[in-house]
Amino acid sequence: MAATGKLTHIDAEGAARMVDVSAKAETKREAVAEGRILIGAAALDAIRAGSVKKGDVLAVARVAGIMAAKKTAELIPLCHPLPISGVTLDLAIEADGIRATATVATTYTTGIEMEALTAVTTALLTVYDMAKALDRGMRIEGVRLLSKTGGKSGDWKAGDA
Amino acid sequence: MAATGKLTHIDAEGAARMVDVSAKAETKREAVAEGRILIGAAALDAIRAGSVKKGDVLAVARVAGIMAAKKTAELIPLCHPLPISGVTLDLAIEADGIRATATVATTYTTGIEMEALTAVTTALLTVYDMAKALDRGMRIEGVRLLSKTGGKSGDWKAGDA
Amino acid sequence: MAATGKLTHIDAEGAARMVDVSAKAETKREAVAEGRILIGAAALDAIRAGSVKKGDVLAVARVAGIMAAKKTAELIPLCHPLPISGVTLDLAIEADGIRATATVATTYTTGIEMEALTAVTTALLTVYDMAKALDRGMRIEGVRLLSKTGGKSGDWKAGDA
Amino acid sequence: MAATGKLTHIDAEGAARMVDVSAKAETKREAVAEGRILIGAAALDAIRAGSVKKGDVLAVARVAGIMAAKKTAELIPLCHPLPISGVTLDLAIEADGIRATATVATTYTTGIEMEALTAVTTALLTVYDMAKALDRGMRIEGVRLLSKTGGKSGDWKAGDA
Amino acid sequence: MAATGKLTHIDAEGAARMVDVSAKAETKREAVAEGRILIGAAALDAIRAGSVKKGDVLAVARVAGIMAAKKTAELIPLCHPLPISGVTLDLAIEADGIRATATVATTYTTGIEMEALTAVTTALLTVYDMAKALDRGMRIEGVRLLSKTGGKSGDWKAGDA
Amino acid sequence: MAATGKLTHIDAEGAARMVDVSAKAETKREAVAEGRILIGAAALDAIRAGSVKKGDVLAVARVAGIMAAKKTAELIPLCHPLPISGVTLDLAIEADGIRATATVATTYTTGIEMEALTAVTTALLTVYDMAKALDRGMRIEGVRLLSKTGGKSGDWKAGDA
């Protein structure tokens, strides 16, 4: 597909469209995406402390990411609505921030990469929201697809180019 | 506020809450946020070409970002609903990708940073969606607040620490 | 404003934006819009009959229109979210169809015409949905603003040109 | 079905319901709808001018219509949620206004007419919103189904009665 | 399943997830739920009176419940989006209040109990909203699943334990 | 108001409407609502165990309730959209189930009772969803307003009649 060098979501005249996927085969598909938010030491300590008690800090971000995956087709104009069959969202506190990794699955005629990426960015934005009174300089970095499986274009892994 | 080292969105027991802002003064507030998506040469060429005709490529991302700003309180669990008074979203094609810069304004009792950041990430995710058939390795980087004005905590600019 | 002949929602470069209304005065505003759906005799009889019993036929369309008014800023990309203070939606069965008239009010810095128009079209589409098994040839006609009051541009009535 | 002269969305007592479609066969279905907005000369000139540069004017309306198609079941109370497989929305500037034509497809157990009609009306309302500072007297006319294919009730074309 | 005593929506570490249901068989499923709102005599008389004329009182609650069923996956964080194939919502005025009974159907890989329960609670909350100026002491009681059919766990009826 | 014995949301003809509140004074208002879900011993033990680790069980229900408060005007047809200024949602594990208590605040021209009640029911439905594989016989009971303050009708407490 890359060979053609055309954007599939834009027709020959340059007009946006939602591509018809009804002729594509329904297959099991999975996408994994990740991203990080860099956080200052004081704010990161507060997040760690908040996670020790009732644990709501990361839980709120995790729920936000899972719910956002279900809103992907509402947010991304040319995305197809998809029957999401599962979402897991892992949030890991690292030395300088938090890493989010989302795994999303469907059995459908089109891919689920956007749902995984939307879950990741929304979870990271939620962390920003909760910690912004302590650190306004947080940055979201490295949001990317790690892998996808299923579908006509086949499997793909970051690094494959 | 940073001095206290506490997360305002989490109570003393660790439970999440939407902080009561009704005692805060209503002031004019503005936030500017930016972010970038790194895109391979072939996909970036296709975006440039698609923008020459009807111009929908960047227009779709711009509309997606503006509409997402209005959905911020639906996406970020502890965010207050806000009467957004204006949004502009600038999308610039650079040598290795696209930069999004969002400026969002309100006259309200709480800040509008999350709306600016949500506009930026959604616009960049929309670019990803439109170009993903050509390049699955795109990465979103450097999503951050550039400045905010108004409110009790006063003005802030990236770099101020 | 008409004198300038420029679209306010598009900047000098042609890019869409949500215009900043924060400098405008908050005033009480009201808008009235109407529209009609033309319906074949058999379907119209069925609607009349359905309205005789529990009365749900027009009630469903009325509720749909009222709820859609609240969704206007989600549907129309450059519309500002507005604190709607009241909505009434009148549905009248006429000789050849149904006429919807919506009256919507707010006290805010920007007008509420789009909410009135959105209420009307959604109520009429809902009638179409309920009667489409009997008549697929129904047509929505004459959706227009009847009047607006309040705001800097002052009062306006259809026919004023 | 027309023979019975009953509204399928209302039960024998007059109560609204979402009809159970689980026994119907899943088939490929397509619906085409159209509508027009009549616009004064000055506003239409401004739209033409705005479309010459970045092209956002019609692009915003196009995106709004496509996104609205995905919201149909949220707007129309008794409509089934549907896996939309494709949407194209054509906007043509005519002598006295703009014509919108939407083509929407699905592979499902129930029809997709409402999605096509919702795309058309929302695109036209978006044009109204963008041009309303120049012309408040615009009117939406002739919103109707042009054709449908697939499903038990078979193919239908406007004019077939 | 009860034997294991584990929450399926929480992983071994205690983190929330949306369970992957893609390996489950697609079957026809139905769920019935009910609930009641207890209403003082004066408010209940007003509801009866309001239902005599255009009948909108119960119609509004019925529409609200049907539309809420379609929003279940937006409201309940770990719920899967589902293709709802039908909803009926019965509202009966009783001696001391109103009883809501919802029947919801799907053909899918996971159950539809939450949609039925969400329809019931939203219909009852809507009654509360309409009558609250007359009686603030109304109470919602006995919201529960009456039965479910289909799926691997088989049929279930309230009272079966 | 109770003296009149009329439903404010229904006009003299019986038609539903969203009452115009623009003439009412903007005051600080708060509403507290509660409700319970009765849960069998095995499921309640699993919830307790799940809350010991990452603590997501109650956190998910708490987030769901807070987010639902923001969706109230989308769910309840004749409810006004409101600028919610704060939400807290307390979830207590009791001997035979879980009690939810929501406190919601606004500064606006109309009350916020429906937001508090919607937060409570959605939190309890979320508990049902997470525990339903262990106990399908859970029941939601005693959903009611505990108190409201602010507004023309003044303060009210459950038990005041």
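Note that the chains are named A, B, C, D, E and F in the order they appear, and that numbering of residues resets to 1 at the start of each chain.
One rule holds for everything that comes next: a contact is a pair of C-beta atoms (placed from the backbone, for glycine too) under 8 Å apart; a residue touches a chain by one contact, two chains touch by 3 or more.
As the structure is a prediction and not an experimental result, all values here were calculated from the model.
Visitor: Which chains does subunit C share as contact partners with subunit E?
Guide: Looking at subunit E and subunit C together, the chains touching each of them are D, F.
Visitor: What is the minimum number of touch steps required to go from subunit A to subunit F?
Guide: The fewest touching-chain steps linking subunit A to subunit F number 1.
Visitor: Rounded to a multiple of 5, how large is the rotation, in degrees, that superposes the C-alpha trace of subunit A on subunit E?
Guide: When the C-alpha atoms are superposed, subunit A turns by 120 degrees onto subunit E.
Visitor: Is it true that over half of the residue numbers where subunit A touches subunit D are used by both copies, so same, or is it different?
Guide: different
Visitor: Using each chain's Cα centroid, which is most distant from the centroid of subunit C?
Guide: A
Visitor: Suppose each chain is reduced to the average of its Cα coordinates; what separation in Å results between subunit B and subunit C?
Guide: Each chain's C-alpha centroid was found; their separation is 31 Å.
Visitor: Take the average of all CA coordinates in subunit E, do the same for subunit F, and state the distance between these two points in whole angstrom.
Guide: 16
Visitor: With chain centres defined as C-alpha means, what is the inter-centre distance between subunit B and subunit E in Å?
Guide: 36
Visitor: Where in subunit B do residues touch two or more of the other chains?
Guide: Within subunit B, residues 14-16, 53-56, 59-60, 62-64, 67, 71, 74, 77-78, 83 contact more than one other chain.
Visitor: If you connect every pair of chains that touch, what shape comes out? Choose line, ring, star, complete or other.
Guide: Other.
Visitor: Pairwise, which chains touch?
Guide: A-B, A-D, A-E, A-F, B-C, B-D, B-F, C-D, C-E, C-F, D-E, E-F
Visitor: Which of the residues in subunit B end up touching subunit C in this complex?
Guide: Checking each residue of subunit B against subunit C gives 28, 55, 59, 62-63, 66-67, 69-71, 83-90, 105-107.
Visitor: For the complex, give me every residue of subunit A touching subunit B.
Guide: My answer: residues 1-2, 5-10, 13-16, 35, 42-43, 45-47, 50-57, 59-60, 63-64, 67-68, 71, 74-79, 113-114, 117-118, 121-122, 125-126, 128-145, 148, 153, 156, 158, 161.
Visitor: For the complex, which residues does subunit C have touching subunit B?
Guide: 11, 14-22, 73-74, 77-78, 80-83, 108-109
Visitor: Inside the complex, what are the residues of subunit D that reach subunit B?
Guide: Its residues touching subunit B are 53-56, 58-60, 62-64, 67.
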